[in-house]
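Have a look at these structures, which come just after this line.
In the two assemblies presented below, chain A is common to both, partnered first by chain B and then by chain C.
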Partner chain A sequence: MVKLIQLWTFMLATLFTVPVHAELVVEVTQGVESPTRIAIVPFANESALALSEDVAQVVEQDLGRSGFFEPMSRDNMLGFPSRQQDVFFRDWRISRMDYVVIGRVQATGSGELSVTYELFDVLRETSLLTENVSVTPEGLRDAAHFISDRIFEELTGLKGAFSTQIVYVTAEQMGADRQRFRLMLADWDGARAQTILESPQPILSPAWSMDGSKLAYVSFETGKPSIYVQHLATGQRERIQSFPGLNGAPAWSPDGQRLALVLSRDGNPEIYLLNLQTRELQRVTRHYGIDTEPSWSPDGQSLIFTSDRGGQPQIYRLNLATRNLERLTFEGNYNARGRLTQDGRFLTMVHRSQGGGNGFDIAVQDLKTDRVDILTRSGLAESPSIAPNGSVVIYATQEGTRGVLAAVSLDGRVQFRMPASTGDVREPAWSPYLR
Partner chain B sequence: MRVANFTKAVAITSAMIWAAGCSTTSTTTDGGSAGSANGGQSGSGASSYGASSGGVSAGQVVTREDLNQLQTVFYFDFDKAVVRQQGFADLEAHARYLAQNPGAAVRLEGHADERGTREYNMALGERRAKAVERLLMVNGAASGQVESVSFGEEKPAMIGHDAASWAKNRRVELKYLSK
Partner chain C sequence: MVDLRSYILPTCLALLIHGAVLLLLSTHWIDHAEPRRNTPRHIQAQMIELNALAQRQAEQEQAAQEKARQQAAAKERERRERERALAEKRQQELQRKKAEAEAKRKAEQAAERKRQEALARKREAEQKRQAELAARKKAEAEARKRKAEEQARKAEEQARREAEALARQEAERREQQAAAEKELQQALERERQAREQAQAAARQASQAVIGDIRGYIQAVLQDSWRIPSTARNGMEAVVAIHFLPSGEVDQAYIDTSSGNAAFDNSAVQAVYRVQTFPRIAEVDPILFERRLRKLLVKFRPEGLRW
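Take a look at the complex of A and B:
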């Protein structure tokens, strides 16, 4: 946590001057059938400072936006207790709450803030969780996301992903022939959005390193595609691949040592592995068809990728050691940009069903049973990226004439949309866990 | 392996050109004789343009002014990278201009419509640009005169999300870097 806070403080200091554009807002469009009812009571401010964040409100938004919870409106609360002795369980039972969260913010003397929170089970009248989080005054939002993670895990059994971030690309039409592309970094909920790259030429395929410290992406800023690696903390970046032809679809190996990428320097798109230390390139596919969109299995032993070697784009898995190649998708006439969940069991992808006309949707395939479920009905969905807890996929889709981000849980029960204030939004990539 | 593939590709493309040549036999035989004479160029320029696709007859010298008459955007079917026959005559003329003007160079920008994934479309755009590139090369352009860049679905010509816009966006744009 402390490390994270230091990182954040540094980033805020260095990047705060960058104007914020296209901030996203998360809206749940479909939640679970009977969401858990929880009251997040406003935290008492005992610090004598004006706080930059309403911690309880951020927690309330996080839990509400997960689709699993239905937080109580503050207006309906009969009291705002901040200590256990002031919590009257009968009141909360009358309000039909399952759980209550209270908390307080205090100054520690060393310039930090101490956030104490407590989670109660209303029916059993017991305390489930009590904890104290120390942060700098600028880190209050991080503290709130941390508390959300803890409560979410305690009550659902699923690891929370509220402390994670997303990157995405925005495009704005600046006139007949001019566009402005931005690579954006934000909290998972769209807050604290920052521009980390701006260019009049296309930016695409941002990919997180597994430790969350770096991004690889494709930028056309020289007029041609090149692959760059950018350090998030410093903004420092390096062009690492710019062969003639395609330079695309970078994907970090789980150990961070290698990048899988696509080059067409040998005549047509093939997948290569670039050793980031030795800069040695190893070609791993050999076929005159299109081979692209590589992604690593979580164990780093194999790559999945899109190939049209069978006549249509389908997803294949290549074992890097044995060179064994296996086609994974058979349902539908277009399956592309596969991504595996961290346990390696589920494959998400862009899918078009047989006879499905023009519809491109996000589908998930259980690799154990090969059952395929179509998660969206959007028609123009692309770029699925899985949250590190493996429960939600964020993707890009079209709403009216605008590109927007949306998300859906892997079981299809919860759906969100994340409209932006301006421009076209696309290419979301969900960070790994950041601490 | 790579060479073999390329040879195959060239063979296929050549066959396509040959087929195209056959389908327009009347104009090409005329052009052929003019080509062997190779003298009387321009002047009667207007008459040498075929009424159909506005191309310049085969074998004739292609002038800088002629280029203005030639098609520079070539369209494709969904998930396909086969140059349509309508484009052959004009591409052949571009190729001939390049062959006659070694200092000239073109950039082929391949594009895809928005359907499907971005990186796959990037590859598709390149495949389309390469298809045009091969047609230019088998018709006399030198490799140093042609460069291909794919923009995938990133730079649509039409912003709409309908079949008409998609058809206009699946394209290769031929741009002269120097004439």
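Take a look at the complex of A and C:
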């Protein structure tokens, strides 16, 4: 009986067993390393006002400069739809676009403007995002950056850094011996620059607090270098520390409680930690070589700094808890001003190749693989500062005899110049996420 | 001649009897004056054997003939010797009667003896018969017994045979069943093998097609895939694609995420960008249903900077 059941089971099993195939898996390991194609259609102005900003153009620039996107030129667009029913996906597909952004600006009763935008997935023919932003007529650019952030985050998963700001220092030759130094604050793309400090004496090393509310910098306004902290909202400033000798390169700890700085009060430049509450000073490095340009790791556990203790400037990492010191850079004979991305994986720096052939360029090192990529070719780059989302590095360079700001995406794909600014521009510092 | 010779025996017998009678009479002559007991002859005769009777009749006949002859002679002699012969005749008659009686007695004795003998024989025969009967009975009983035993044995044998036959039948039946089952299984096995072979062949053929298609899809998607800046070596996203028989992408979605939205998105977009894979439309519909209706594409960049 059992046998019979077995037999039947076997028969049934053979009869009804449909061969089950594992799902076919195709593996794709190569692709085109190119930015995402997106069309930002000029937003329709339905407000009956002359708008101060072309919102779509700001969005287009934002996205394009991030290196992640390749916006479509308006000249190539077949139409400028501003509403969903006018979007013909087929046309955009023919134009080889992956995404389309449309929008319109309308006036609200209260004198504000309402910016409505919509993001479409051309290939899937779906709407991904639609939103309404209310701003004052002067805030159109903020609205544009906001929209850029939203689109960027929607499509890349990374938080957009288009609403962030930068500070930098300009030096303007005023006469034979006179210079005017300004501490400038601008949008991330250099627009809407404003002076937050003006001084006949040099201003150096501006640094953002992690909450974006304060700046620390070195000013020579008293004749010798002192470290100041300035509140951006109120303009209120205070001198934090002034020791004999060099006082420089302040860097805020991620928790905002401490400043890392360089003092040469004990002979040669060493790195100290200053507790902003207690004003307590703690010496971190102890070496006859120069230790300078400290910056914090995103977790606040260690400091990155430049030291020539090895004979040439290289970047080291010091774990504050264990006092473990580790040299990070080995390529090139000059690596300085190291900065880590927020994920702690990439180190940007000023780099000079072995032999010094090309001069100083911005390089990025993958700390996971120790691969170093040189992002610029000018040979005159300095002071790199990374966007909070790690997508773009802003740096100072020379154009002719003039210092200018430029930016390069971390993958090196996109480089762009910041809008021309009066004077010699140097030492940019990128803000953290604001708001 | 025959006649002459046939007389010899009766003559001899007659002479013997005469002699015997004389011998007997010589002793018992006077005593045997008593009248002769007329025992019915026929009874006696019954007891006598046919042979003896015949002899006796022959004797009697011979005696009668002799007497007749003697009477005739006597008559002649009567005529010639009447006086003297008379006495002699009586005497002779007397003698003859005595002889007859003696003969009769002897015959009776003989008959009695014979009867006794016959009786004895009969008894013997009876005994013999009885014995035979008993023997037969015994034999019969034995035979019966034997027969019964035989029957019992036979019955037993029969039962045994039947049981054996039954067992044999059962065994045969089982054997047949087992054989049938075996055969069935073999048939199934053969069928399975045949099916497997056919399937293997079909698989091989379809495998070739699938291999082709796989390469084709891979090539098309590699052209179509725009690797985003956020992509890193080691990222891996699996996109599930549902095709229509026309080769058109019905839907594509992330089956296994890389953890990076842009990367995942780029993979799905790569599929939608192609929109239609014309060569899939050329695939045999069954194969399409089995292997290509839904497939997985693993996007795993190699050789990126990071």
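Operating definition for what follows: the second predicted complex is superposed on the first by the 324 of 435 C-alpha atoms of A that agree within 3 Å, B and C clash if a C-alpha of one lies under 4 Å from a C-alpha of the other, contacts with A are read in each partner's own complex, and residues count from 1 in each chain.
By definition in this document, a residue touches a chain if its C-beta (ideal position, glycine included) is under 8 Å from a C-beta of that chain, and two chains touch if they have at least 3 such contacts.
All values reported here derive from a predicted model rather than from experimental measurement.
Asker: Looking at the overlay, does A:N268 come into contact with chain B only (first), chain C only (second), both, or neither?
Answerer: In the superposition, A:N268 touches chain B alone.
Asker: May I ask you to decide whether A:L49 touches chain B, chain C, both, or neither, giving the answer as first, second, both or neither?
Answerer: Neither partner.
Asker: Determine, under the contact definition given at the top, whether A:M174 touches first (chain B), second (chain C), both, or neither.
Answerer: A:M174 contacts neither chain B nor chain C.
Asker: So in the superposed three-chain picture, is A:L78 touching just chain B, just chain C, both, or none of them (first/second/both/neither)?
Answerer: neither
Asker: Let me test your reading of the model: by the given contact rule, A:L410 touches which partner, first (chain B), second (chain C), both or neither?
Answerer: Touch status of A:L410: second partner only.
Asker: Within their complex, state which residues of chain B touch chain A.
Answerer: 1-2, 5-6, 8-9, 79, 114-120, 122-124, 126-127, 130, 147-152, 154-155, 159-161
Asker: Going by the contact rule at the top, pick out the chain A residues touching chain C in the complex.
Answerer: Checking each residue of chain A against chain C gives 3, 7, 10-11, 14, 19, 21, 23-37, 67-68, 93, 98, 121, 123-124, 155-158, 366, 368-369, 371, 373, 391, 409-411, 413.
Asker: Would you mind writing out the residues of chain C in touch with chain A in their complex?
Answerer: Against chain A, the touching part of chain C is residues 181, 184-185, 188, 191-192, 195, 199, 210, 214, 217-218, 221-230, 238, 260-262, 265-270, 272-273, 275, 290-292, 294-306.
Asker: Residues of chain A touching chain B in their complex?
Answerer: These residues of chain A touch chain B: 173, 179, 202, 204-205, 220, 223-225, 244-246, 248-249, 262, 264, 266-269, 286, 288, 290, 292-293, 306, 308, 312-313, 334, 336-337, 350, 358, 360, 380, 382-383, 398, 401, 426-427.
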